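Chain naming follows the written order as A, B, C, D, E and F, and within any one chain the residues start at number 1.
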Amino acid sequence: MLHMTGTILRNLFSQRATRLYPIEKREPFAEVRGELLFDVEKCTFCVRCQMACPSQCITVDRKAATWACDAFACVYCGICADTCPDGALSHAPAYRPVAREKSQMFYQGVLKEKPKKAAPAAAPAAAPAGESPKPEKAEA
Amino acid sequence: MIDHIEDITAETLIGKVEALKKEGYRLVTMTATDLDAETVDLLYSFDKDLALMHLRLSAKKNAPAKSISGVYFAAFLVENEIREQFGLTFEGLVLDFGGALLLEDSVRPTPLCRYTVVEAKPEAPVAGA
Amino acid sequence: MQAFEIGLNPATFGWLLVGLLVAPVAGGLIAGVDRILTAKCQSRVGPPLLQPFYDAAKLWGKETKVSNVWIAFCSWMYFTAAATSCVMFFLQSDLLIIFFVQAVGAVFLVIGALSVPSPYSQIGGQRELLQIMAYEPLLILVFVGIFLATGSFNISAVYAMDKPLMLESGVVPMVLLFVVLGYALTIKLRKSPFDISGSHHAHQEIVRGVFTEYSGRYLALVEVAHWYEVVLVLGVVALFWATSWYAIVILLVLTYAAEILVDNITARLSWRAMLGKLWASGLALSFVSLAWLYAF
Amino acid sequence: MPRTVVPFGPQHPVLPEPIHLTLHCEDEIIKEAVPAIGYVHRGLEKLAEIRDHNQMVQVVERVCGICSMIHAAAYCAAVEQILGIKPPPRAEYLRVVWSELHRMHSHLLWLGLYADAFGFESLFMHFWRIRERIMDVMEATAGNRVIISVNVVGGVRRDLTPEQQKWVLSEVDWVEKEVARLKDVMMNDYTVKKRTVGVGILSKEQALELGAAGPMLRGSGVAQDMRMTGYHAYGELGFEPVVETDGDSYARSNVRFREVLAAVDLVRQAMAKLPDSELATAYKGRPKGEAVMRVEQPRGELLYYVKSSGGKYLDRVRIRTPTFANIPPLCAVLPGLELADIPVVVLSMDPCISCTER
Amino acid sequence: MLDSFIKKSRIKSPWLLHFDCGSCNGCDIETLACLTPLYDVERFGIINVGNPKHADILLVTGCVNHRNKHVLKTIYDQMPEPKVVVAIGACGLTGGVFRDAYNVVGGVDKVIPVDVYVPGCPGKPEAIIDGVVEALGKLSEKQNAAAAAVAAE
Amino acid sequence: MLDTLLFILIVLPFLAGLGCYVLRAEGVRSLIVVATGGILAAASVMLYFQTPFTYPVEASVQATLFGVSLDEIIMVADFLLLAVILYFGVRHKNAIIVALAILQGALGAYLEFGLIEHAPKAYPTFVIDTLALVMVLIISIVGSLICVFAIPYMKEHEHHLHLPASKQPRFFLVLVAFLGAMNGLVMANDLAYFYFFFEVTTLCSFLLIGHDETEIATKNAVRALWMNSLGGAALMIGIVWIYSELGTLEIAKVISQQHTSAAMLVALGLLCFAGFTKAAQMPFQSWLLGAMVAPTPVSALLHSSTMVKAGVYLVVRFAPAYADTNLGLAVALCGAFTFLGTAALAVGQSNGKKILAYSTISNLGLIVACAGIGTPTAITAAILIIIFHAVSKGLLFLCVGTIEHGIGSRDIEDMRGVYGKMPVTALITMAGVVTMILPPFGMLLGKWMAIESSAGSLFVIVMLALGSAITVLYWARWAGGLMSVEGGEKFKTESQAALTRAPLMILCFGAVVLSFLAPWIYSDMVVPLIKLSPYAVAAGGLQSGAGSFAVIPLFIVGLIGFGVAINALRKARSSHAFDAPYMAGIQSPAVAGAYTGPMNKPVVVTTGNYYLSAVFGEEKLTPYGNFAAIALLVLMFALGGLF
């Protein structure tokens, strides 16, 4: 009946196992698939990521040069990043932070048919990069 | 690409299954695949000493199939599932969930049928509250 | 009971206040320490010391929703009875009566649980009754043992002695009785292996058993009443060596530590096993010790 | 005598997953138990009709978040069979490593839940504390804690560097040491035995007749373990199935307990023999044909049937999970138990409803 | 004074109810892991109560299917106010990888109001802790808003 | 004055009964019963102001009834009575009854004509001390209330049975006469009188149990008759023996000293044995359980104020004679064993009346145990329990009867949620249960005294401790079940015949108020009897060296708590925040009290108590219990005789 006693007493008198998150955070492991990062600069809107994504959460519009992702439906599998021929996609080591509202990743790029240095200044300014609140919200 | 498949018919099914049971085979599972508008492919899988053997049966959707749950009780679960997902009814099912094993009435009936949706739930005794 | 001396005798009045006000605070703190120590035993940090008070206050402020209004009635009856019995203890009243008053609370807790036709609460209520049935005879017999040693059921008689109760009339029977009291204590503290009718933890087959249908402020009352009861039972423990404050503290700490240890090294028993074990070994132990006390 | 009807689940604190049992009891003795499922049914076999065979790897991995990697490996192996390719040897060994890590974390998780089911909180806590080391290993080596997504059709996506291998071995050593410490508690503690010995007995004959799988079958004395068929690299590793004969909850928990240690051993063996090769075999075209693949999950034998006619999407993916096979035996042992035994016995089969219902 | 203590206590004593609403178990074991030594959410006063009548926070995992959506609604309704809901994992947020399956409703917020979303597949224990903390923030905001509304009247 | 009172208390019920029998009109019968009840109650209260008193010796000698000498009437009636019993024995072909009746007749004749020197009586026929007074008050007040309750009850009862001709006249004849016999029994100071009344109660109960004349009723009535005849025979032997030892039939003389001679102890043992049969102590419990087939007022009467109380009265009455002897110890053991054994048997029951029956026997066991212990505190306990038990138990029987009429079942499982249908009755029942088991009410006071006074006796105390725990179990679950109903918001109000409601209310009120008055009951009723004051009455509490019970302060605290609780209940009710019970998240939205179960069908939740039938089942426990009880009886005679 006393078989657990040793373990209990050892626990009692030794260092606790608890990591005091969020006060104490540890370094994430390298190569952890966290939040999806998108570099609109590199993207060629080839749609491969959209085709590969098992969760079907990426929408690429080749003509309008937009790239959108329902980040709240992403399952962090990393397939898109593996697929992307241009290295436009990567994963941060941490997950996307918790949120009170759902939102979408939405990027407006420019078509890079001729990879010239033409109109480089306009592009970043025009791109309303980042997140926009998703139109349909919780039916409260 | 699957070894040991034996084609059988609805008539020989029960006899064959009983024979397998006598030989000491264990029922692994049944698999249904929708072939076309009329037929469902039924694959019965058995195991003995780590080796698999299968029986294959083409069942007509509109005719009730024979249940093997009288021989292998464990078959009742998968047969109920097939009934619900493919609309195939089984004669002699020992424990009948009446098509309410997994799905609510509000869900499209027989969702795993690719070609036809079997709308009528023949003897559906589902009691609405 | 010296209740009639209230107002005449400042000391009595003081003890009344202790029983009424200090005891629940102490009970809540004990619960807090208990949770921290238990967490430590599991290599965790555990909640803040004041956690039980936060819990109770939060519950008090929740929306009140009940399945049957008798829950409201019964939680108050439980509270009143627990507080009364605790106060009576500090007024050095008759042990049996204190215990019977405490039983009023236990019975109303069960009646409240049974008043809702929810299977979990019903099963919890039935199990709670079985627990009462298991520990009640043991406690009565412990009190009889105290009576045999002191000649009275009144707590004042224990304080009137100059030797600690544990050493009175021979150590063996009193130690055995103390063990029997330990059984009852484990049930009353709702600790493993006897946390059968409703444990502090949720992972139980009957959800929260007897507490399932108590919610909001009614659950808060039940919690606070439980603190009173804990103090009461620990008070009985303290009687066994009540000759000095040091001894009382040491005895209480040791006993409670043992309870935490037992809680952490055992699985929960089923109620059949509990009844069997308590009636067989508990009654046997108390019988032996009482027989010993009679003989000498 | 009046019966108490208990709606056990779907929302219930001892049930990690939603399932329902209508229990009719007298004095808490179960007289009749009627199950109801469908609370986790998603219908993901149907997704094969709108996701290609590569995307399906990620879908089947999420059939169940506990033995997820094994699902994916089994599915990939089935598709590989149809394609007629063989993964490179290093990939086969790595699949064994991750499979066994999954088995360890799954069994540790289970041992904890099982302890909680009989009210042994500190034991639960301890098992889960040990398990966190495996989760770290998973996260560091595969990029995610739970759903590790290392499989692709043809092989694996991730490799283990030599430093990682060393670290994994040392973590596994620690786990082995800690688990071994708890052996006495699981096997000899009075209260634990009181709650598990002789509870929910499934005889060898019943187990075979009702088609039990995994520890449920091996706890009843049948030495059947799919790993004996030698898939992945198991054929090249020394492996003995763990078997107990009593058929009660105690026997089943012992099987799992010992399997944790056996898994440690398999990880070590696989690491020692890890061959050098590519990680994935390249292939062309789409699968056409059908295949059946069986592997041993922590919960027992898992069967994948995949059929494809060479189109963009597969025709059929059928998943027969171990819990699906273990439900009839469970139904057979419930009557006559005490209510308090229900969590113990249900857990002793280690149900995975998410798998069962897909 | 009691009022302000109660307010403080609400933040200090979040009892939670976890409901698996058709998840793959990935998110559930991560939620359960939060209780265990490494993460030990009891530090925040959290107890996993398993009974909606005692709960303050509802943690929901899974993609919600047509059978369990009724259960979800029921247990939400049984929780006494004030209460908050945290949806966990891609499934709980949107249905995740299963969104297009026939028996999936797709997201907790289709059935009950959700206060905090915890992304991930599965949500990591740390993220779940963040979610609970965020939910508590929301709870206290709700509380202040309610108090302000009362004061305004 | 006294003559009149005695006449009213003993003879009037017989006459009233005859009136009921002869004047068959329902209205007249009701009037007679209510009037008799009222007069009896009034007379008993008046008697209270006369006591203690002794019927003068001279008057006793010359006492006549309608001009005939009382002694002779009794003598003749005695033999007539035996003849009637003999007749029933023959009619029901029961050899035991026949043999016992003949034996008693023969012994009676031997006593009357062979043994007794018919010198003028030197002692009073009736002595009314406070013990007798307590009994008279119970019989006349509680008993009368039950008779009144029986009026509407029997009407409905016969309505249910569709009888061709009403049997109520005969029923009320026996019922009312029973009260007279009981009054006579408790006041008698002459063993011959005592024996006569004792046998009258036997016969009356036989007639009442068999009243419905169903097969089972007859069978159980016959069983009651033979068991009680056994007691009658034991009593007769005991009387003869005592006379041959002491040369007197005067009870006061017998109990004025402690007896230590083996012969006297065996004779007293026989008396106790007679008491045991009448009080249905184990192993004789079966007759009282069988008596449950009778209409509920009969059960109420037998259990609370008459019949079985005659048994314990006998044991308590003679307690001083065997105090401090081994016989006393053995009696205590027998009583404690019955207390424990029948409490355990009650756990296994779901039939409400059977639970009441076992509980009655159990409490009688406690009284017997106290009598056996025989210390002043123990006797105090015995008397207090007699009083409070009569009131509470009478109340509970009437409650069960009322509920039975309301829901058509006497099973406590069917009584679940009765609060929703019969709120007033359910609350009264609940109050009855509370007064049975919880402080500060009288039953618990008695139990406390019993435990404290038996603390010196190892086996007795262990059995009492166990038994009292078991008692809580079977009462509390019943009370809880009554309330078990969803919502609690709005229930239909309950209407009831005044003659049903009034006795319930009076008894309920009585149970509470009497408990409040416990300290004064003690000083008024108990102290004069035992001529000692083991407890000091101070500040509304009772105190002895061994312990203290602050009745009034506890009452006050209890009232405050009760008030707060009721207030909380009101608030909860008016807030209307009702919520369905927890059912794992699948409450059926459509069907109340159901959930959506397998196959999406609604499953109605039922709940049952735990009866632990594997241990506490009647069939399981009774053989062992009876065996042990018989062994204890043998021990009793052995102890009494040998030492």
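In the analysis below, contacts are C-beta pairs under 8 Å (C-beta built on N, C-alpha and C of every residue); 3 or more make two chains touch, one makes a residue touch a chain.
Small disclaimer: the values here were computed from a predicted structure and weren't measured.
Asks: Counting one step for each move to a touching chain, how far apart are chain C and chain F?
Replies: Minimal hop count between chain C and chain F: 1.
Asks: Would you mind naming the chains that touch chain A and likewise touch chain F?
Replies: C, D, E
Asks: Which chain is most remote from chain F in terms of Cα centres?
Replies: Chain centre farthest from chain F's centre: A.
Asks: Just the number, please: Cα centre separation of chain B and chain D in whole Å.
Replies: Chain centres of chain B and chain D, defined by C-alpha means, are spaced 25 Å apart.
Asks: How many angstrom lie between the CA centroids of chain A and chain B, rounded to a whole number?
Replies: Taking the average C-alpha coordinate of chain A and of chain B, the gap between them is 43 Å.
Asks: I'd like to verify one number: the distance from the centre of chain B to the centre of chain E, where each centre is the average of its C-alpha atoms, in whole angstrom.
Replies: Comparing mean C-alpha positions, chain E is 40 Å from chain B.
Asks: What parts of chain B, by residue number, touch at least two of the other chains?
Replies: 100, 102-104, 111
Asks: Can you list the residues of chain F that touch 2 or more other chains?
Replies: Within chain F, the residues that touch at least two other chains are 579-580, 582-583, 585-586, 596, 598-599, 605, 607, 609-610.
Asks: Which residues belonging to chain C are in contact with no fewer than two other chains?
Replies: Residue numbers touching two or more other chains: 41-45, 63-65, 119-120, 122-123, 201-203, 207, 212-213, 264-266.
Asks: Among all the chains shown, which pairs meet the touch rule set out at the top?
Replies: Pairs satisfying the touch definition: A-C, A-D, A-E, B-D, B-E, B-F, C-D, C-E, C-F, D-E, D-F, E-F.
Asks: Mind listing the chain E positions that touch chain A in their complex?
Replies: Touching chain A: residues 37-40, 43, 90, 93-97, 99-100, 109-110, 113-121, 123-127, 129-131, 133-134, 138 of chain E.
Asks: What residues on chain D touch chain C, complex-wise?
Replies: 4-8, 12-14, 28, 115-126, 129, 189, 191-192, 194-195, 338-343
Asks: Report the residues of chain F in contact with chain D in the complex, numbered from low to high.
Replies: 350, 413, 583-586, 595, 597-599, 603-614
Asks: Which residues, counting only chain E, touch chain F once they are in their complex?
Replies: Spelled out, the residues of chain E in touch with chain F are 19, 51-53, 70-72, 74-75, 78.
Asks: Report the residues of chain C in contact with chain F in the complex, numbered from low to high.
Replies: Touch residues, chain C against chain F: 1, 3-4, 63-77, 79-81, 84, 93-97, 100-101, 103-104, 107, 110-123, 125-126, 129-130, 132-134, 136-137, 140-141, 144, 147-148, 151-154, 207, 212-213, 279, 283, 286-287, 290-291, 294.
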